[in-house]
Amino acid sequence: MPVRPPLLDPPFNIVRVAYVDMAVTDLAQSKAYWVDALGLTITEETPEALYLRGLEERCHHSAVLRRAEAPACNAIGFKVWSEEDLDRATHFFKSQGLAHSFVERHGQGRTLAARDPFGVPLEFTFAMDEADCLMQKFGAHRGGRLLRIDHVNFFSPDVDESHDFYRSLGFRLTEYTAMEDDRHLWAVWMHRKGGVHDIAITNGRGPRLHHAAFWAASVNAIIDLCDQLSTTGWLKSMERGPGRHGISNAFFLYLRDPDGHRIEIFTSDYLTVDPDLKPKKWALRDAQRQTLWGAPAPKSWFQEGSLFAGANVREPARAAQPIVAP
Amino acid sequence: MPVRPPLLDPPFNIVRVAYVDMAVTDLAQSKAYWVDALGLTITEETPEALYLRGLEERCHHSAVLRRAEAPACNAIGFKVWSEEDLDRATHFFKSQGLAHSFVERHGQGRTLAARDPFGVPLEFTFAMDEADCLMQKFGAHRGGRLLRIDHVNFFSPDVDESHDFYRSLGFRLTEYTAMEDDRHLWAVWMHRKGGVHDIAITNGRGPRLHHAAFWAASVNAIIDLCDQLSTTGWLKSMERGPGRHGISNAFFLYLRDPDGHRIEIFTSDYLTVDPDLKPKKWALRDAQRQTLWGAPAPKSWFQEGSLFAGANVREPARAAQPIVAP
Amino acid sequence: MPVRPPLLDPPFNIVRVAYVDMAVTDLAQSKAYWVDALGLTITEETPEALYLRGLEERCHHSAVLRRAEAPACNAIGFKVWSEEDLDRATHFFKSQGLAHSFVERHGQGRTLAARDPFGVPLEFTFAMDEADCLMQKFGAHRGGRLLRIDHVNFFSPDVDESHDFYRSLGFRLTEYTAMEDDRHLWAVWMHRKGGVHDIAITNGRGPRLHHAAFWAASVNAIIDLCDQLSTTGWLKSMERGPGRHGISNAFFLYLRDPDGHRIEIFTSDYLTVDPDLKPKKWALRDAQRQTLWGAPAPKSWFQEGSLFAGANVREPARAAQPIVAP
Amino acid sequence: MPVRPPLLDPPFNIVRVAYVDMAVTDLAQSKAYWVDALGLTITEETPEALYLRGLEERCHHSAVLRRAEAPACNAIGFKVWSEEDLDRATHFFKSQGLAHSFVERHGQGRTLAARDPFGVPLEFTFAMDEADCLMQKFGAHRGGRLLRIDHVNFFSPDVDESHDFYRSLGFRLTEYTAMEDDRHLWAVWMHRKGGVHDIAITNGRGPRLHHAAFWAASVNAIIDLCDQLSTTGWLKSMERGPGRHGISNAFFLYLRDPDGHRIEIFTSDYLTVDPDLKPKKWALRDAQRQTLWGAPAPKSWFQEGSLFAGANVREPARAAQPIVAP
């Protein structure tokens, strides 16, 4: 499985992952968690949805929580460079025979909705309504003092194919694991914005969202969040960590929101803007790729995820290999 | 100026500095600062006074803010080991010919008020009303997340004499500076509770309170407080720091409350419980004793202080030597 | 099981836990771990022993590693207030019918060796050779930047009896758990020096040392140590954490040295000098007493410990109750 | 002075600032500072030069220290996207009538040297020799644990013109100050890589380098560096800070190397990849733009800088306005 070089001239220009749109079953509970406990800020609240952003974000939302009968991830949103990129994107999805259509999204400019080859719901927009930056309103910082969305991570039943697709969109590989025969990818971390990832894709029943990640300012902000969650009634929401990932080098904490959606609080990865950056390969049997300090993740972390609205889940193409932990 | 060994068998047993009682001119403003900005907790509020405590303190108050016509420090309070120690203290002050009398203090047990030889108002009590410990109510921590009172620092017109007095009460010297001829003390740091100091005394017009200090959990708590104070209208209250003291090794931040009372936020000194701990001498010309990193303190920090209620201020016995900074 | 008030006038004056004397089987390996990895400083090295201290300690040692055939804890050392306290201690152990004798200990003054009622080897001394304080030699700080010994923790087959014994020595209870019928103690945290503990005692096969703990300057020093241990060949030495204890509120990391001796890196407990401080009771079924954030400790942490030289281990008097984790 | 939108389709693609090439007068002293004290890593050492990199950098150097008779900045180096961009760059500089030529640079691929309109020496390359990433070799981290180069800052005698030039190269403005009549720029922060800046330009005698900045992992890494520098003989090298900038929100420390070259240690700015990010304007009279916490910078910080090799310094086009501090 030779890893191919990045596609440096993609069909349209994706800037970064921009938001997650989540179906939740109890908006009041979700608000208590995402806003009061985690510290995201409400840009707008309607009876049907909460539009949230991080402290440094100057746009309308990086998370939309939408009232629904059942939990799901409705869409992963990406920001593109310009309105012209939406037209190029339309052309691309058409040429690939993939579902796509323009949709209305509150607080956003013209938005293209599309599906990846496994049905993952993607959205692309070039503009959002503006919002105030709260980064230096330190007196109002709460919870994990989350600054911005960082990435999403999802299960795919065929990581090779998923990787090829996102590579064809210009996502560049930074780190990965391969199956033991080295002929197939097990998991990939791919970016557009210059960090370790905007998206990560792992082998497993899918497509399912593994988690959405928000950036915290420091290790200490994450430790403080642990202290707060564990003593304000949210102990059970703490699934894994805090700890350091081998992969990405980031300091992490994994949480489950009231609907079971997994959220990662994440900080301290590294700069990846160089187009000739060589992807780093980790051995599947090296448990330190998961947790540099050795503490195993719980079973739930490996097995559970959120359904994508409108996508059919299937078993992975290749029998899952033993993972190291737990 | 040979430093004498500590008096290991003092006339009565002082446990620690316990509170400061401050006269303030606008309780609402003081509350905005001490409670909303710094994060001390209100145990009790009356039209005439605020009784405040730190997050780990289980007693009624470590700071009393009392409405008055003019700012002052009404008293420095100490906790003694037992009620019997109050009687021993009475005997001691009587034998020294120093003013003393039992007084009523809200939220406290029997309390002895006395004066040191320069008129510094001291209070001694063995008991306080109980209050909840908020140390693990992390969701309610605010501002500098102050945990407890740590020490007070005051100017004396004769540090030799002040040192002798507090040594005779069992305070043990941990660090000091001496005048250049080495025949007189310039400043002393003395403790009862096992840290670098419960009281510090500096040469200067006095007696005047230099500052009261509260303990923060970490360097990061102090950095966070800087960010908050500077962006919530309290920029002018930041007088000096953050930085590291050479003396005591502590990480510090100096503030001025709305009446000009100086408050230190302090963390990370060291353990001093050993009775044979040798005091550390610093050269007056070594600016790193003040700030290990070299940044000078402003003039106000060297010159200004709070009057003690009922005490007459006089010039120092020995002409002040040049201090290093500013 | 009503907890009795502390004995405020003990038979002799113990200042603090002062050192652990450990039998190790390979001094070179032990040095690689305790010095190179953890960052303790060598005061003196002989073919038979390493004398180590923390960065702020001005005395000859807080840990002695002694070459031996089999691993063990040779003794727990305490500092007493004065030489006279050694005589008072002698009288005490004699009156209790407990083994005791004066011994020679390198780097220490006159030293009394004794046994507690279960055979735990104790040593008492009032003086040690002096050593340089390295607290402000920041350029030489390494590993976990450990500052000083904080406490020891051991298993006892009868915590009620052990607690009574150490209470009779003046140790004061700060936190504890009781068995479900509330008639017997399960574990106790007791101090002399003004922190949460100099010693902790837990129900179990014993006497056996559970761990010796060293104080780190900050949460960040402990996180840095995790990063270092896990990437310098010492991953397997990381047994539990980092995390926050409910009991003591401290931030912790548990390690196992090359002989399996458990070491805790510890920071951020609270001040306990008040003689009227009320002990805090935790329910045995409350897993947050162990880890505030919920991650369970591994089985080894509950079961394994170091033998005390010359002490017979026996089963606990009362059948061990189910512990919460793992 | 209406700020114009960024040029989103520049003549060639600059990825990021890549290195500074500094003339130093004593390589041994420079090594003691940049390597032993600050913690940069030597990739290669010759009698004439030191090639240094940060812990996460996988390329040959981000700082070159070159033996010379007099201190200077020889060049600011940038990485371009591809070899073709060098040809486009050649075309660009030719079209602008600016000096340019291909040069040999050790450890780099084909390199174009050029001058900006004020004579600032620029270099462009698309490739460097590879080096090991040391980010997870935590046991080898030293000093400030610097991870990578972040930006350079220089004085220009005409910020309007400099800004126009770098805008025409595709640098995008993130923050700025304007003169009081609002018709001219005072200082600009411009980026390519997605942080607040790759370059900053300030009004003043110039061109002169104000500083080169390296990224540290955390506030705590910078505090630790302060403790180390101040106690290992480098106290005088600490010029300003630590503190928080209003502009960029970064936590900073300014240092002077043995030749007086200014180095900033920098962390915690924010993501700027959005092409529609609105530049933030700060009032010149707002001292918090410089230091959020209010402590003034010393005079030297405003006045001193390093000469650029081969560039003529001239007075600023517009009389310098009063700056707020000191």
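Going by the order they are written in, the chains are A, B, C and D; count residues from 1 in each one.
Keep this in mind: contacts are C-beta pairs under 8 Å (C-beta built on N, C-alpha and C of every residue); 3 or more make two chains touch, one makes a residue touch a chain.
Only a predicted model underlies this, so the values are computations on that prediction, with no experimental measurement involved.
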item	value
Taking each chain's C-alpha mean as its centre, the one farthest from chain B	A
A-B compared against A-D, more contacting pairs	A-D
Whole-Å separation of chain centres (CA-atom averages), chain A against chain C	44
Chain A-chain B separation of Cα centroids, rounded to whole Å	50
Chain centre separation (chain A, chain D; CA means) in Å	32
Multi-partner residues of chain B (each touching 2 or more other chains)	136, 218-220, 227, 230-231, 292
Overall pattern in which the protein chains touch one another (line/ring/star/complete/other)	complete
Chain D partner contacts - residues on chain B that touch it in the complex	219-220, 223, 226-227, 229-231, 235-236, 238, 242, 244, 251, 288, 292-295
Contact set on chain D toward chain C in their complex	136-139, 218, 220, 224, 227-228, 230-232
Complex contacts: residues of chain C adjacent to chain B	8, 15-16, 56, 58-59, 79, 81-82, 126-127, 130, 133, 135-136, 147-148, 193-194, 217-220, 246, 249, 268, 270-271, 273-278, 280, 292
